[in-house]
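Chain IDs A, B, C and D follow the sequence of writing; residue 1 opens each chain.
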Amino acid sequence: MNIHEYQAKDIFRDCGLPVPPGEVATTPEDARRLAEQYGGTVVVKAQVHVGGRGKAGGVKLAENPGEAMEHAANILGMDIKGLTVEQVLVTPAEDIDTEAYVGVIVDRASKRPVFMVSREGGVDIEEVAARSPEAITRLAVDPRYGLLPFQAYWLAASLYDDIKQQRAAAKTMMSLYDAFIQSGASLAEINPLITTPAGEVKAIDAKMNIDDNELFRRGAIAAMRDLSAEPPSETKAREADLTYIKLDGDIGAVVNGAGLAMATMDLIKFYGGEPANFLDIGGSSSPDKVIAALEIITSDPAVKVILFNIFGGITRCDDVANGIVTALDRINFELPLVIRLTGTNEEEGVRILEQAGISASTSMDEVVQRAVVVARGE
Amino acid sequence: MAIFIDNDTRLVVQGITGRDGAFHAQQMQEYGTNLVAGVTPGKGGQTFTDGPEPVPIFDTVEQAVREAGANTSVIYVPPMFAADAIMEAAEAGVELIVAITEGIPVLDLTRVYPFVQERGARLLGPNCPGALSPGKAKVGIMPGQIVTEGPVGVVSRSGTLTYELVYLLTQAGIGQTTCIGIGGDPIIGTNFIDTLQAFEADPETKAVVMIGEIGGTDEQEAAAFVTAEMSKPVVGFIAGQTAPPGRRMGHAGAIISGSAGTAEEKMQAFEDNGIAVMKRPSDVVELVRSAL
Amino acid sequence: MNIHEYQAKDIFRDCGLPVPPGEVATTPEDARRLAEQYGGTVVVKAQVHVGGRGKAGGVKLAENPGEAMEHAANILGMDIKGLTVEQVLVTPAEDIDTEAYVGVIVDRASKRPVFMVSREGGVDIEEVAARSPEAITRLAVDPRYGLLPFQAYWLAASLYDDIKQQRAAAKTMMSLYDAFIQSGASLAEINPLITTPAGEVKAIDAKMNIDDNELFRRGAIAAMRDLSAEPPSETKAREADLTYIKLDGDIGAVVNGAGLAMATMDLIKFYGGEPANFLDIGGSSSPDKVIAALEIITSDPAVKVILFNIFGGITRCDDVANGIVTALDRINFELPLVIRLTGTNEEEGVRILEQAGISASTSMDEVVQRAVVVARGE
Amino acid sequence: MAIFIDNDTRLVVQGITGRDGAFHAQQMQEYGTNLVAGVTPGKGGQTFTDGPEPVPIFDTVEQAVREAGANTSVIYVPPMFAADAIMEAAEAGVELIVAITEGIPVLDLTRVYPFVQERGARLLGPNCPGALSPGKAKVGIMPGQIVTEGPVGVVSRSGTLTYELVYLLTQAGIGQTTCIGIGGDPIIGTNFIDTLQAFEADPETKAVVMIGEIGGTDEQEAAAFVTAEMSKPVVGFIAGQTAPPGRRMGHAGAIISGSAGTAEEKMQAFEDNGIAVMKRPSDVVELVRSAL
């Protein structure tokens, strides 16, 4: 789950990171009031789950409250890469001497949280990694011990030469690691970590991604989810414990298992069709999931055919068949169904469908080809 | 021969009284797996009777090891208890721990992994379908009816996609030594290389099918390993050629970050290392047949 | 550092342990008021840093507020093993079904925190250990992982057969481990952990010892020190960063290093004398420490002679000599001094003393024998 | 020969710019120890000039290892930073870490100890005087002038009491291979048995003096080890015969708990295992002389 900059900053502040003040405004008038409150020059920053806000005109300096109101009026409602800006963060502008990058991610290879820090901040770290990998210092944290003070100092010393800045940065690393662990994050990033001409170290941007699997035990963070920042169909899918990603094609696919779902999309494309979505009904299944899946897919007007590709393992074919039958009773749709059902409790599943007058195949290749043909209207 | 599980497997099911645990305990026992114990705290002393043979239930894995001689465990407990269940099994001396549970926080795994390593145990998964050695033992959720004995080792990050390919092989009369699902999470206990190593060492395995997906670099490293260390032919598949970048495709591990972890990159690594790449699942039969 | 039962209970409660309510009273009237507030039968418990309160009459049941006041009047001011009771804890009486023992200590051998639990609670665990060691379940916690839930359950299952009680006890173990770590404890104990006839699990007594070395980073716990519970001389020594333990003899000894200090006491005894104290001026030294040491020793009227036994290592002989000279200037005492000074900066130290007209030996055996002779008044 | 430190020791001093660190760095260098580096964060690039030869100061131990080839470290930093300093040294690849600092929280040590173990390093201390191999190297705070080369190994939980006994030996013309202070805390990195083992393996050590004190059971276990594994004679001393139970006698580790850890118990264990027990420190000369 992505959270907004202002939410990440709240978490950072609670963990003792040196984050300047800042509050969110949803109206230009709010932005004006905040700018007044802070005094001096402020920054008005669009709060959207997407990079490149600055280039899109979503981040503006305002020298007085009137200007802050103006910028807020322009930015609120703005469309950035398909997302509408609903909130802006208003925060005092800082004088910047240097800009560094500090990030923590969960690293697959070392199976540990890994810090990445660089003296080159305020830019895309992936670009730095591609251009000059030696400019990035990496450190894998042993989660049994946490980030140790000497490690934090090693990282800090790679960013700064002044001992006071090194100490401040080391403390920042320790706090960032706390924030990362306490929030169940998969990424926590300060870009840039600045020094001011007075020598202070400050975190003036913040980014966090939260591991969805952590949300069950982190209510406060789960409550940070911004439903306006994702399509309603994906919200609905999540609530039904499905994974759904909308795509641009016309073949709606219901598949159990992420790998098989991806392979189904790939095969649709291979046979000349276009998938309308990725939809995984997951491992442990229930008829309710199938119903929710059908409701979500049928609400996409682009969909011309619905393809079921079910290979039963922990998912039972009878559950899926029951779900289809119940869904057909409950929701009204005219779309053609192409069904493939095999694996655990296959016989029962096929029998349930047949009793409802629905036929099912056992070959993936066959059903995908048929769905492509149906979608073409041939 | 087979890898990881065989006729010496003595299985304990953690979470045997849950819906999934009970169902699959029965399925595994019916398949012929030597199911020696179940564990559910508070239900110690009861007996599991859903399968063909009664199985004692214990409060702890330690008891299952001590009193029933379990050496392999399979975990069906909910995500919030699963990390603890894995560590309990490792502490109890279980040698192979198969974690079926999906949705375990990845930070839990960063602690579970060293814990298991320190105890010399092998973790398979989490978020995996388990292992199946046709004719010998089935540990996990793979359907027993889709496999048959034979010379092909199968290793996969996916669950149902594995069944798809295995079933195609079986229908074509090509059997398997062992089918291994390593799991779809970013941090897993046993990776492609560990499994390829075991297949290379298994005299009955004559060829390997490796099924990868987008995200990470495991497949690329496995491909390099194939060139460096393997004498046996490998046939490969990568799912997610049409996946958009930056989105988590169901599996927590299946996400293209920036330009890294794409299907193209992985298929290229396969080709560069002499691995025959399938364009679609149904190609598996022909490619394996010509590899054997 | 020892803390009182009521303080340990406050810590336990904060960590989520099932501790019944209770408050401390310093007057009989306070005790009456508390008993009224709780209603029903209460227990009045002396708060002193010593075991065996019950046998000494320091723990009493009171069926009504008047009785509580009476008991408090008797217990407050009572002398238990040389300590005066200044506070009583008033807490509702609990119906007891079973009594178990739960403790955590830092174990030297495993170099880890170790849990010890037993179905035999409410009695001295050392007796249980001596009589029936198999009645105690031990579990060493790997501090890199902390107490894991399955381990807490293993411990709990060794105490109870009922799953609800097992779960409650497992939660209690987890909380106790948190309390132990968060407080920097060297011991944390619940004796007894009871079950009530209704099946509830409750911690009705609490004991904690805190590692003195933790206090610098745990202000709230350091503030729990009860100065009334230790001799003023020991308080003064601690503030001067010395270790001082008062004994019953007449030879006051100032030694650097714990082992040498013990060996000096042993040697005094060997030659027929009686040490008045254990006093270690510690490793890194300063003249101030020597001054404080002399002030403490000279305030003990039993002391007839002061013996210095200094072997310089990290302690410098010149520092000690300066301390002695300064102390003689500053404080007025008539006691004879017997000084042994050797090791780091020995020559300078001896020179400083000689300039002040004080002679020093270099042999420990010799000075101890001389001190014994002087103390005898021979 | 000697144990733990010798002419191959390349020493880094952690906390070299502090009062104690600077003083003892100078003393160690004057004794002839090969002092190759000092560490104080923020003072990297400066030079330590208190001793006979200038020594470079680094910000981190990692730099001291990489740039100055340090293989041994000695720690003089305050208690609140000491655990971290030990771990830093271990992480940097230092092989022997001598922690002089007194007052480190014991729970810190429960984490430090496995960290050091995992990296294959040896920790001596904390709260110890260090090691001294006469004529070769001095690491810690033992006064160099009280030792002389010879055949006796000395191991002790104490600091100054060790000097006492060593000085008596030296004055009597009996020299030492190495004098080791293992430290007075409840949890220490290197215990009596580890040190006895090293002395047993050291061909130049002909006899060992072991100096224990009240608290714990290390001396009892060491006594059993002497019988089981040692061919060389051992002479022992126990401090604290007159210590009252339940009081911490200066050292965090010197405390009699209940009836356990008394001097009597330990002296008995020594006698039962053929260790000659001194009644008073000055007995050391005669007992060692007859053991040699």
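Definition applied: contacts are C-beta pairs under 8 Å (C-beta built on N, C-alpha and C of every residue); 3 or more make two chains touch, one makes a residue touch a chain.
Bear in mind the structure is a predicted one, so any value in this text is a computation, not a measurement.
> Can you list every chain in contact with both subunit A and subunit B?
C
> Compare the CA centroid of subunit D with every other chain's and tell me the farthest one.
Relative to subunit D, the chain whose C-alpha centre sits farthest away is A.
> Determine which of the two chain pairs, B-C or C-D, is joined by the larger number of C-beta pairs in contact.
The comparison resolves to C-D.
> Counting in whole Å, what is the centre-to-centre distance of subunit B and subunit D, each centre being its mean C-alpha position?
The mean C-alpha positions of subunit B and subunit D differ by 50 Å.
> As a quick test, compute the distance in whole Å between the mean CA positions of subunit B and subunit C.
Centre separation, subunit B to subunit C: 54 Å.
> Rounded to the nearest whole Å, what is the centre-to-centre distance of subunit C and subunit D, using the mean of the C-alpha atoms as each centre?
Chain centroid spacing, subunit C to subunit D, equals 28 Å.
> Quick check: what residues of subunit D touch more than one other chain, meaning two or more?
If we look for residues of subunit D contacting two or more partner chains, we find 111.
> Do you know which subunit C residues sit against two or more other chains?
Within subunit C, residues 144-145 contact more than one other chain.
> Between the chains shown, work out who touches whom and classify the graph as line, ring, star, complete or other.
other
> Any two chains that touch count here, so list every such pair.
A-B, A-C, A-D, B-C, C-D
> Contact residues on subunit D for subunit A in the complex?
41-42, 59-62, 81, 84-85, 87-88, 91, 111, 115
> With touch defined as at the start, can you tell me which subunit B residues reach subunit A in the complex?
Interface residues on subunit B, with respect to subunit A: 19-20, 24, 27, 79-80, 100, 102-107, 109-111, 113-114, 129, 141-143, 146, 156-164, 167, 184, 186-187, 211, 213-214, 216-218, 237, 239-244, 247-254, 258-259, 263, 279-282.
> What part of subunit C is in contact with subunit D in the complex they form?
Subunit C reaches subunit D through residues 106, 108-109, 111-113, 126, 142-144, 181, 184, 186, 211-214, 216-217, 243, 245, 247, 255-263, 265-270, 275, 278, 280, 282-284, 311-315, 342-344, 364-365.
> Quick check on the complex: what are the subunit C residues that touch subunit B?
Its residues touching subunit B are 145, 148-151, 153-154, 157, 163, 166-167.
> Please give the residue numbers of subunit A that touch subunit C in the complex, ascending.
Contact set of subunit A toward subunit C: 144-145.
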